[in-house]
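We just call them A, B, C and D in the order they show up, numbering each chain from 1.
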Amino acid sequence: MKDFTISKSQFLDFLSEFKKEFDIYGPNETSKGFYDWVAIDQIEQFEIKQGLPKSSIKTFLFPQPEILFEFSANFKDPAAYRLKEPDFKEKKIILFGVRPCDARSISLNSMPYSEDTYFQKRLEQILVFGFLCKSVCSTCFCSWVGGSPVSMDGMDIAVFDLEDAYVLRPITKKGEELLNRAGLDEATDVEKEAFNRLVKENSNKNQSNTADILKSKDLFDLYNASFWQELSDACINCGTCTFLCPTCYCFDIQDEVLKGKGRRIRYWDSCMFPLFTLHASGHNPRGDKLKRVRNRFMHKLKYFPDRFGPISCVGCGRCIRECPVSIDIREVLRQMLET
Amino acid sequence: MLKIASQNPYLPYQAIIEDIKIETEDGNLKTFKLVLEREEDRDAWNHMPGQFAMLSIAGKGEIPIGIASSPTEKGYLLFTVNRAGVVTTALHKMDVGSPIGVRGPLGNGFPVDSALKGKNIVIIAGGFAFTTLRATLIYMLEHREDYGKITVIYGARTPGMLLYKKELEKWQKRDDLDVYITVDREAPGWNGLVGFVPTIAGQVKPSPENAAALICGPPIMIKFTMPPLEEVGWKDDQVYLSLENRMKCGIGICGHCNVGPVYVCKDGPVFTREQVQRLPVEF
Amino acid sequence: MSTINARIEQELKSIARELLDSKEIEAFIGYKKGSMPMTMTPFVARSIEDVEKLCWNSFCVLNLANYLPQVLRSFEPPRRPNEPPPEGPLPKVGIVVTGCWSRNIVVQIQENQIERDRIVIIGISSRGMIDKKKVYKMLNGHEVTSVEEKDNQLIVKGPDLYEEINRWDVVRDNCKTCVHPDPSIYDVLIGDLKGERQIRNRFSQVEEIEIKTPEERWNWFISEISSCIRCYACRNACPLCYCPTCFVDDSRPQWVGKSKDQVDTALFHILRAYHCAGRCTDCGSCESVCPMGIKMRILTKKLQKDVLELYNFEPGLSLDTPLPLSTYKLDDPQDFILTDIKMGDKK
Amino acid sequence: MTKVQEKDWEPKIIAFLCNWCSYAGADLAGVSRYQYPPSIRIIRVPCSGRVSPNMILDALKNGADGVLVSGCHPGDCHYISGNLYARRRFSLLKRFLEFIGIESDRVNFTWISASEGEQFAKVVSEITERVKRLGPASRLVKEF
């Protein structure tokens, strides 16, 4: 596959050419005063900053809500209360400025969602322009959990910032097809070499085998470890960490009926909420805060690796930054590794 | 999971309620007889005893319910439902002829065609947890020669709270089946056994020799049934339990029903006691 | 480090140590350092060794009274929801409080969530806590690696960053308009009481909204909550939100839909704020913990203003005055009731 | 809204009436054949103190153009003080809803006794007219 190059100032114009076919989003300053996903039309000047947009990429893969089915709730309608799939007429989406951690979350989430038709449909619609990182933030820890600042996992096109220009490298067929018809200049050998060199320099040299260590640990040793108490003492059981996390994928399904119309929706749910596991009988298997806190971390760092292999965390650090009580997953990971 | 209605794993089969039977004296348990509307769906449907399905009432939601009919009972499905939450209450209000969705079969079911084959079977049930065991028993009676001695111990609070009373009577008359029906307390008109299920199990003393026990019931019953069984030599890997947890997707994605690393909906609901002992107590 | 806070911290540790050592209390609720600059983690010290982790500075934004009911309960023998507590004295818990937190404790006592004789309250007159969002805003997105607090300024450092910030400039809005920085209830006091603060207009933020047209107010409200992700951090950080089942979680009937729908989100914020009417002490926890920077405090501030105007009441100042919505007067104002006279004058 | 629409459109108003006074008042209005607009949908509640803000907001969410809550006059409550607690609650609620931009005339409160049939008819006419002037509700109405 060929690499391409484009000057930084032309990048937005180049993307805008695809507006007919795609909805295009990238990270930018929002009217609310924080860095988040913004439609390309609202971006005047694009400058990729260090750091991540506030919400993760799952906003696009797991819309809030996803409409699973629609139905008529009008008794006179012969097809009343019969579920039918909504027409999926969503436009394709280009996401640019996606950092390697967010991109990697796509391939991690694809593991449990392999049978999920809604997720798979959305996945097909999305084209990811991943931007490789040259430096990391104080809350980044992608290399602890199997990622790297230059990981291209989950990207369709990888972009590297060469100070005066971007080098675009297609990763998937989808990405290649788009770049081939874009009429861009092919990257020079010097640029290609620079790209490769930067990837090599920044890739994770001391790639840790955290997942393997965790897998080798005894489940009950971790489950009964003493550190959960102090950790859960502070937790207020809100959903901030789960909702900002790119790899927290749990959901709830509910029916809504309004004025003769109904729909079955699915929306984000959080294992931090007591309702998550509450039985109709009133019994709650994870009624204690400690059990819920433990489940979240155990799921990411033990259960998921045991089942699928990798750790279900991409090291983006959003939860560390936004947790109301400053619970640090790196600290939890360290304690689990020491157990 | 064996088969799903379509590519979309969330789309239920369309069914009709053909019959409703009130099972218990308090009216809180009803058995719904459902028939899938389309013939190809009926042909495609294939479940094992112990599996469950999501009953879907548009506008109310879905609930996981164990399938009470055996796959040998062709053409219809039975679900015995306790009225507890939003969906089950709505279901209890529905009439014969109402449309309803069925999504499944889901879960693993009892290994009736593999591990249980050729074994002496002990079925122990309490209260309304008898449903999937009814399916299992009917299946085994249809394939009677595949199994050794079959013992059934079933108890409820009062005679009026027993499920499937007519069938119980029939089973009690069979000579290829040992059936012990018990109620918690003496009741007028009741000539059968009196005592909690664990007590009766202790008296029956089923032999663990080439045997398997299938136990379903409230957690407290299971807890107290184990010691008398262990006393006569039962091992954890001979005992099969069916777990319950809140479920939403039924296919191991949504995260609600996990007990440690396993999903009750996908990896269960049937586990051996040995497997359960290796899980945290989050069910 | 700030000399004032250093002194408080020292004294706090020695009091907590003494209380735990003498077995007067089973646990002490305080703060320990968080892993990020300007963050603190609520902490339950259960042993004398734990006391060393206790910390005090101007970043303690989450109301510790929030933890009190559950920590107290954790030391009781287990019982069913409606079972009465066991007889005889139950273990005590210590807690450090500022003005607003102490007022929340008063409200919790009045609402029978906790018992006064089971808590040992260490009071501190608040100098105002810092809003880290304000600090980050001043720094224009620069990364911060350390923040040092002096008595009246913050020294912020990061990669190619060194900034001195005047402390009062980044104090939270609720602290700036706070009238009662002193704890209204305490057993031990650290430092001196400051007395009531004179604020020219503590409700100016509310009045700015009130003078707008209904349309403008609605647009303001909707745009303010539009970024809400329904994580319920505001609810869970609130010491008043202790219902066993929140109205959000009710399923029969379901008052509020659960996905990110504009109306459902609006209903959540309206009802959450309304449930705090006459009880909210403007501690600012909700706003401080919001990951999306929603300024929902202004909603409860409006209710606080109305309660003061209509019923001349401020929550948490005394154990003896009943909460405004649990009492009434025959001659309460009722201008809002449609009467004959009002139907005559068409607007 | 155009003139034609205004003429055709009849608002939907949900009325929570207390069992002991206002509901009887409405009954009396009917028995006495007082004319009032058909805009009202009555929900009988034991006491105005039973009406929680959740219910009022739920009505608006489900598309009510207006809400009326009516109880016994102060001092006349069947449960002695239900309406007095309610008065405090609604007083704050009304101001609060206005604060976030719900038009003042959407949510109304009044006292109507069992003998005030005529008053009931008058109140319903007045509220209907006020809501008509505002047009259909949209702000807290859920749509999908």
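Just so we're on the same page, a residue touches a chain if its C-beta (ideal position, glycine included) is under 8 Å from a C-beta of that chain, and two chains touch if they have at least 3 such contacts.
Only a predicted model underlies this, so the values are computations on that prediction, with no experimental measurement involved.
Asker: Going by the touch criterion at the top, tell me which pair is linked by more C-beta contacts: B-C or A-D.
Answerer: Answer by contact count: A-D.
Asker: Suppose each chain is reduced to the average of its Cα coordinates; what separation in Å results between chain A and chain D?
Answerer: 47
Asker: What is the distance, in whole Å, between the centres of chain B and chain D, each centre taken as the mean of its C-alpha atoms?
Answerer: 51
Asker: Would you mind pulling out the distance in Å between where the CA atoms of chain A average out and where those of chain C do?
Answerer: Between these chains, centre-to-centre, one finds 32 Å.
Asker: Residues of chain A that contact two or more other chains, please.
Answerer: Within chain A, the residues that touch at least two other chains are 252, 254, 256.
Asker: If you look at chain C, which of its residues touch at least two other chains?
Answerer: Residues 257, 261 of chain C each touch two or more of the other chains.
Asker: Mind pulling the residue numbers of chain D that touch at least two other chains?
Answerer: If we look for residues of chain D contacting two or more partner chains, we find 142-144.
Asker: Name the touching chain pairs, would you?
Answerer: Pairs of chains that touch one another: A-B, A-C, A-D, B-C, C-D.
Asker: Any idea which chain D residues touch chain C in the complex?
Answerer: Residues in contact with chain C: 53-54, 57-58, 61, 74-75, 81, 84-85, 87-105, 108-111, 119, 122-123, 126-127, 130, 139-144.
Asker: Going by the contact rule at the top, pick out the chain C residues touching chain B in the complex.
Answerer: Within the complex, chain C touches chain B at residues 251-252.
Asker: Please give the residue numbers of chain A that touch chain C in the complex, ascending.
Answerer: These residues of chain A touch chain C: 30, 32-35, 49-51, 54-55, 64-65, 137-139, 230, 233-234, 236-240, 242-244, 252, 254, 256, 265, 267-268, 270, 273-275, 289, 320-328, 330-331.
Asker: So in the complex, which bits of chain B are touching chain A?
Answerer: On the chain B side, the touching residues are 7-12, 14, 56-63, 84-85, 88, 99, 101, 244-246, 248-249, 251-256, 258-261, 278, 280-283.
Asker: Taking the touch rule as given, give the residues of chain B at its contact with chain C in the complex, in rising order.
Answerer: Those residues of chain B that touch chain C are 85-86.
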